[in-house]
Amino acid sequence: MSGNILIFTILTGISGGIITALIPKKADKQRKVVTLITTLLTAVFVWLQIPSALQGSAPVIYGSIGTMHWRLQPDPLGIIFAVIASTLWVVTAVYSFGYMKHSEYQRNFYTFYLFSLAVTMGIALSANLFLLYVFYELLTFTTYPLVIHYRNEESLKAGNRYILYSLVGAGFILAALVTTAIWTGGNLNFSTVPLLTNIGKKPGIVFVLIAFIIGFGVKAAVMPIHRWLPAAMVAPTPVSALLHAVSVVYSGVYGILRVVYSVFGHELMGQLNLSNGLLLIASFTILVGVFIATKQDVLKRRLAYHTISQLSYILLGAFTLQPWGLTGAILHMISYSMLKVTLFFCAGIIAEQTGETKVSRMTGVGWALPKTMTAFGIASLGMIGMLPLNTFWSKYYLMKGSTAGGKWPFALVLIGSGIINAVCFIPTVVTAFRGEKVRSNAEQGGNVTLMLAPTLVLATAALFIGLWPGVVWPGVEAVVNWFF
Amino acid sequence: MRNKNMTHRTILRRVFSVILLILSLYIIILGVIELPPYGAPDNPVHNYVAQRYIEDALEDTGVLNMVTAIIVDYRAYDTLIETTVLFTAIMAVMITLKKDPSKN
Amino acid sequence: MQTIIAKLITNYPYVGAFILFGIGCFTIIVNSNLLKKLIGINIMESSIFLLFIAASNIHGGTAPILDPTNPEAVYINPVTTALMLTGIVVSLSVTALALALIIKLYRLYGSMDAHVIFMKRNEVQNSGSHNQQ
Amino acid sequence: MILGTGDLIMMIFFAILIIIALCVTFVQDLLYVVIIFGVYSLIMALLWLHLNSPDLAITEAAAGIGVTTLMITLIRRTVRREN
Amino acid sequence: MAAIISSNTPILIVLVLLFSAYLLPIFSKKRYKIVKWLTVVSESVLVIGGIYLAWKVLTTGQFNYILGGWEPPWGLELTIDPLSVFFIITVGLISLPIAIYSLPNMACQVHGERRAGWFFTLFLLHIAGLCGMAFSRDLFNLYVFIEVTTISAVALVAADNSAASIEAAFKYLIMATLGSGFILAGIGIMYIITGNLNMIFVRRELALVWTDYPHALWIACSFFLVGFGIKSAVFPLHSWLPDAHSAAVTPASALLSGLAVKGFIIGLIKVLYIAIGVDIFTALGISTLLRILGMISLIAGSIFALSQHQLKRRLAFSTIAQLGYVFLGLGIGNEAAISGALFHIISHGLIKSVLFLAAGSIISQSGETEISQLAGIGKKMPYTMGAFTAASLAMIGIPLFSGFVGKWNMILGSLESANWLAAIVIIVGSLLAAGYLLPIVRTAYFETGNTANIKEVSRSQLIPVLVLAAFIIIFGCFPSYILELTRQAATMLLFN
Amino acid sequence: MLDFVLKSVVTVLIPFIQMFGLYVIFHGALSPGGSFAGGMILGLGFIALNVVFGLEKGQEKFSDEMAGFLVSLGPIWYGSIGLVGILRGANFLVNKDSGLPMGEPGTLISGGMISLITLGIGIKVASTIVTLFNALTEEE
């Protein structure tokens, strides 16, 4: 039975996608019902697996493709990613019912939306580097139609760039993966013991690590190879919110976490003496990303660069190779995803209801969309790392991890980034509530409700976790215990 | 103009291929002179395989001409395929040249 | 050097065969006339037959037809002859097909010269693409 | 490395063959080319006979005649149609 | 009767194909229906026989079939080993759908039923030639089969009778005959050195004497390389392929691109690995040459493909690139790489035939040959384009599609032998494949164009394409049986 | 005048050419020559007929249909003889064990299936060369 849940988690999305594709073009309602049911079912299946996964006693499914073996089994890190992704998928589905109502190509959108869900679940639940790579590569192709949803020249260009970056990254991963497979004799299964523990310092192992990090770093938008992400913001808002703030970029981050902790292991990573360099790259991305974000006038682009910056928080935590750093990273993974999706949702509502996409022209938007802008304000505070919000805790642990390893300059980076974040977002909120009430209230109608409800739910959840971080603590603890 | 160009190119091509030809012939002949001397009765070519054909052909197949014995008995399969080559060629000629009489 | 020349003279049929082989290739590459290309192919193939047949010959040998009256005869290797019979038929087939193609090309382009055919084809293609535009 | 008369005859044959093969490139008239090729075939047949392969000689002669006939037919039907 | 059939299966497979080919021209005059049936029946015999032989080889090991009752060095034999069985299965699986695809409208494509009968004759002869090459263990027998395959391939190109196709066919004939000449010359040198033609005996003799004739042997090897290289269109010798494969009728280009060129690679494998032996030709530096040729033709073929604007020409150039993979895998020359290269043979055969058949359907339905004019066709021909997409993804090497398995094994092999450059080239090659195939898919699905009058092709033409596409995915997800065959073949080639 | 001489000479010669062709085919087992050379000579005889008397007259003697049929029949004949071995429980193309009478070694009728095969190939080659010639000379 429990094994079935595991396979259903992935199959639900695929079958939902196929059903959606087969539903005639006009039947929007049925399609929405199928989408909602599919996402909900997937989320339920994932939630059901939390207890066993955190204990490390989750069921296993395994098999082989030719000479390569694959294995599906949620472990604590995987289940946390799965829970984040599947839950946000439900929320975003509701949001997109409102947002996409009058959009073209709806069938296409929902079909690939569900396929991406299935593939993301595959990434999260695979307990094998090979299978992880398989799903990682499939993710590129299931999300591509979502990126180029509007089919105009700009989006096709963005899609090309996305495919190019992703395939180059996948090539790097493939090379590293094959080398790993040769070293371990074909065994690529994750367990509490990292894969390469017994290999030691082989010549070329540094290259393998770098290839892995470049490969997954493409999707995680690490700084020199981030350029697809801002371009891909031409996609519809639910897609940017979900894929570019959570699923695609998180799959990259998740991959790096896997490589660092499940393939190499913190001990071997420590011996390789690369930690400082990687930390430098991460902090460079943090600072430059958010700095570029403040320069952007288009709100979605600002959010995109901000995403690049924030993702590197997680990587920074991971690269410290300290338990506290990992704690911070996992906490940030959880909390950041909620806030970022909230921000994107707000940006989408603003753009849909008032037509404004540029920050400089948003004076008075707050009076027209009070609830939206409130949510936006809460999320902004979270991005800075203010206390009542969940990101405070993640930043706290990230700093603790940095100083614990004797790398206190990186704690300063975090503080500096917080300040720039404040510069980045507070003026936006202030501008929105400044000026006179010239605009009429635009938060009326069914569409807006469908869009607003998920936004507010997420903002509330972020506040809730900020106030009671103990809710997510067992998960975080399980991950840290798993790897240390 | 075009014609002149062409002859120019043709000459260049000829010179180039002559050089290439002489070079490769030089290499080939270097290899060829290594081969067993022509006409010697103890060359590898005249080994046990050929001896058997010469000695047993009459007994095995009942013909005097060993070449015939080889093409239609020892290596008859080769000959079957060879007639197939001829058949293929004739079909190829047909499909290249003949129009379908039933059409038009 | 002397040994090389000595070997060269000893193996003169092989050397001659490969020179013919080279001339065959040369004829194929250099000539633009399709019939000459075809003759080049025939020269090349017959040079290879020469290589085979020369290999099977013995100084003072006799043809591989059993002669009951002459039990002392040294028969040459019959295998290559048998193989090259097949080879000749194969080259005949190729020649036949090539001739058919040449006739067809002549009907289509009115020429037997590769350059002319090439130019005519390009003209046709260019005009075709102009029409599409 | 003793060259007998047989070897000398063969060398002469080779020389003729090489000259004929080169002629194919440098003779312009196609009919002459084909006739030259017929001669090539004939010399080849003689060479086979000299190399103790009478079977091949007969086949080569027949095939050479056949191919030459076909080629001449082809030339008459195409390039020399007017003549 | 059953005993007779089971003990004579290998020769019967070839004979059934040959006999149907002989009979087709007699029937094609009046009874075109019999032509169709005979084609399908003999192809099915090939598939069933191939699977039966594979089962036999996997369970009881390889065996030989002696022809005419004469023992090997004197007579001829067919060899039924993993390599030949693998290729027979490849031929069967790919050619049967192509035959079914071409049945309904071949008479229209080659202008007349009689001519269609000749076309199928040549089709079957081509298949028979490929099978014969796979089974053959005698160098000269191999040569004769190569000639059958070559001449029928030329004729298949010429079958269209359009000016372009006749010209391409002549070019192909000249190049291919040049190649046969080189092969025959190589066989001649081998025969002079060893006095044998049976590959096993040749290798046995060579192992004793090859140090006496290193240059001659090197020349023989490079002759084989040039000869088979011309026929399988390795980069500097590829000039005939794009013309021939783009000018031929659709089933012919699918067959030639999917199977014919691979048949010649099988021939090369047989000559190099079975007749010469891996130690000897590696010592002569031939495997380095193979690697270099493979890499060059991979990169160059892909770049040429990127610059093509016609659909069929782009696919034709991509064949050159993909054959580069096979050469590269053979050049790396360890078990993983060879089995990967062999797997790539079957997977690329399936992929390329799907691509060509789908392209043919698209071109015949829309009348457009340029890639840029295909905009919006994905909506109108969803199934054909779906198969095309699956094949494209497979060629790029996306996991769960068959192209990935071969590439994975080749990368594994190249990294095992510490050949970083080869691995990088393989990965770059798949990126380039994405570069020249994905724009087609993107144009077809995500751009809008004038597609008002375009309809999906008829069911009888659609199903073969879909079946082939299904095999791409099946072999991608469950490659074990084929991989086992290729692995055994690689072991046989390396260690026997 | 020349035409008349040619025609009468060819009329006389052709039977001898054909006879010689058949002789070469059948004597392949004992003396140089064989099915290919013989078949070629046989076919060239018909071609001479075609060249001198025109295609129509040639067609009367040896029609295209007939030639096409024989082209197919040749290999079928060959293959069927090979199948005798299989039906006898031996391998494909066996001669000695196929049960055909082997005859006296070294005489004209000897070698079991050899003379049958030779005849088949000869007819096939002859018809092939005739078909080829006809196809090449046929008007558009």
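Which chain is which? They are A, B, C, D, E and F, in the order written, and residues in each are numbered from 1.
FYI, a residue touches a chain if its C-beta (ideal position, glycine included) is under 8 Å from a C-beta of that chain, and two chains touch if they have at least 3 such contacts.
The structure presented is a predicted model; accordingly, all values stated were derived computationally and were not measured.
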| Steps needed, at fewest, to go from subunit A to subunit E via touching chains | 1
| Looking at the contacts, which chains touch subunit B and subunit E alike? | C, F
| query | Between chain pairs C-E and E-F, which one is joined by a greater number of C-beta pairs in contact? | reply | C-E
| message | Report the chain ID whose CA centroid sits closest to the centroid of the full protein CA set. | response | E
| query | Measuring between mean CA coordinates, which chain is farthest from subunit E? | reply | A
| said: What's the farthest chain from subunit C if centres are computed as the mean of the Cα atoms? | reply: A
| note | In whole angstrom, the CA-centroid distance of subunit A from subunit D equals 78
| note | For the pair subunit C and subunit F, the C-alpha centroid-to-centroid distance in angstrom is 25
| said: Based only on mean CA positions, could you tell me how far subunit A sits from subunit B in angstrom? | reply: 66
| query | subunit C: which residues touch two or more other chains? | reply | 10, 12-14, 19, 21, 24-26, 30, 54-59, 61, 63-66, 76, 79-81, 83, 85-86, 88-90, 92-94, 96-97, 99-104
| query | Using the touch rule from the top of the page, what residues of subunit F touch 2 or more other chains? | reply | 28, 30-32, 34, 36, 71-72, 75, 79, 92-93, 95-96, 106, 125, 132, 135-136
| query | Which residues, counting only subunit D, touch subunit C once they are in their complex? | reply | 1, 3-4, 6-7, 10-11, 14, 17-18, 21-22, 24-25, 30, 33-34, 37, 40, 44, 47-48, 51-56, 59-60, 63, 66-67, 70-71, 74-75, 77-79
| request: Write out the stretch or stretches of subunit A touching subunit E in their complex. | output: 64-68, 133-134, 137-138, 141, 145, 148, 151, 156, 159, 163, 167-168, 171, 174-175, 178-179, 181-182
| For subunit B, which residues count as touching subunit E in their complex? | 27-28, 30-32, 34-36, 43-50, 52-53, 73-78, 80-82, 84-85, 87-89, 91-92, 94-96, 98-103
| remark: subunit F residues touching subunit C in their complex are 30-32, 34, 36, 106, 125, 132, 135-136, 140
| Once bound in the complex, which stretches of subunit E touch subunit B? | 18, 21-22, 25, 67-68, 70, 73-76, 110-115, 118-119, 121-122, 125, 128, 132, 138, 140-141, 144-145, 147-148, 151-152, 154-155, 158-159, 161, 166, 169, 189, 191-196, 201, 205, 209, 212-216, 218-219
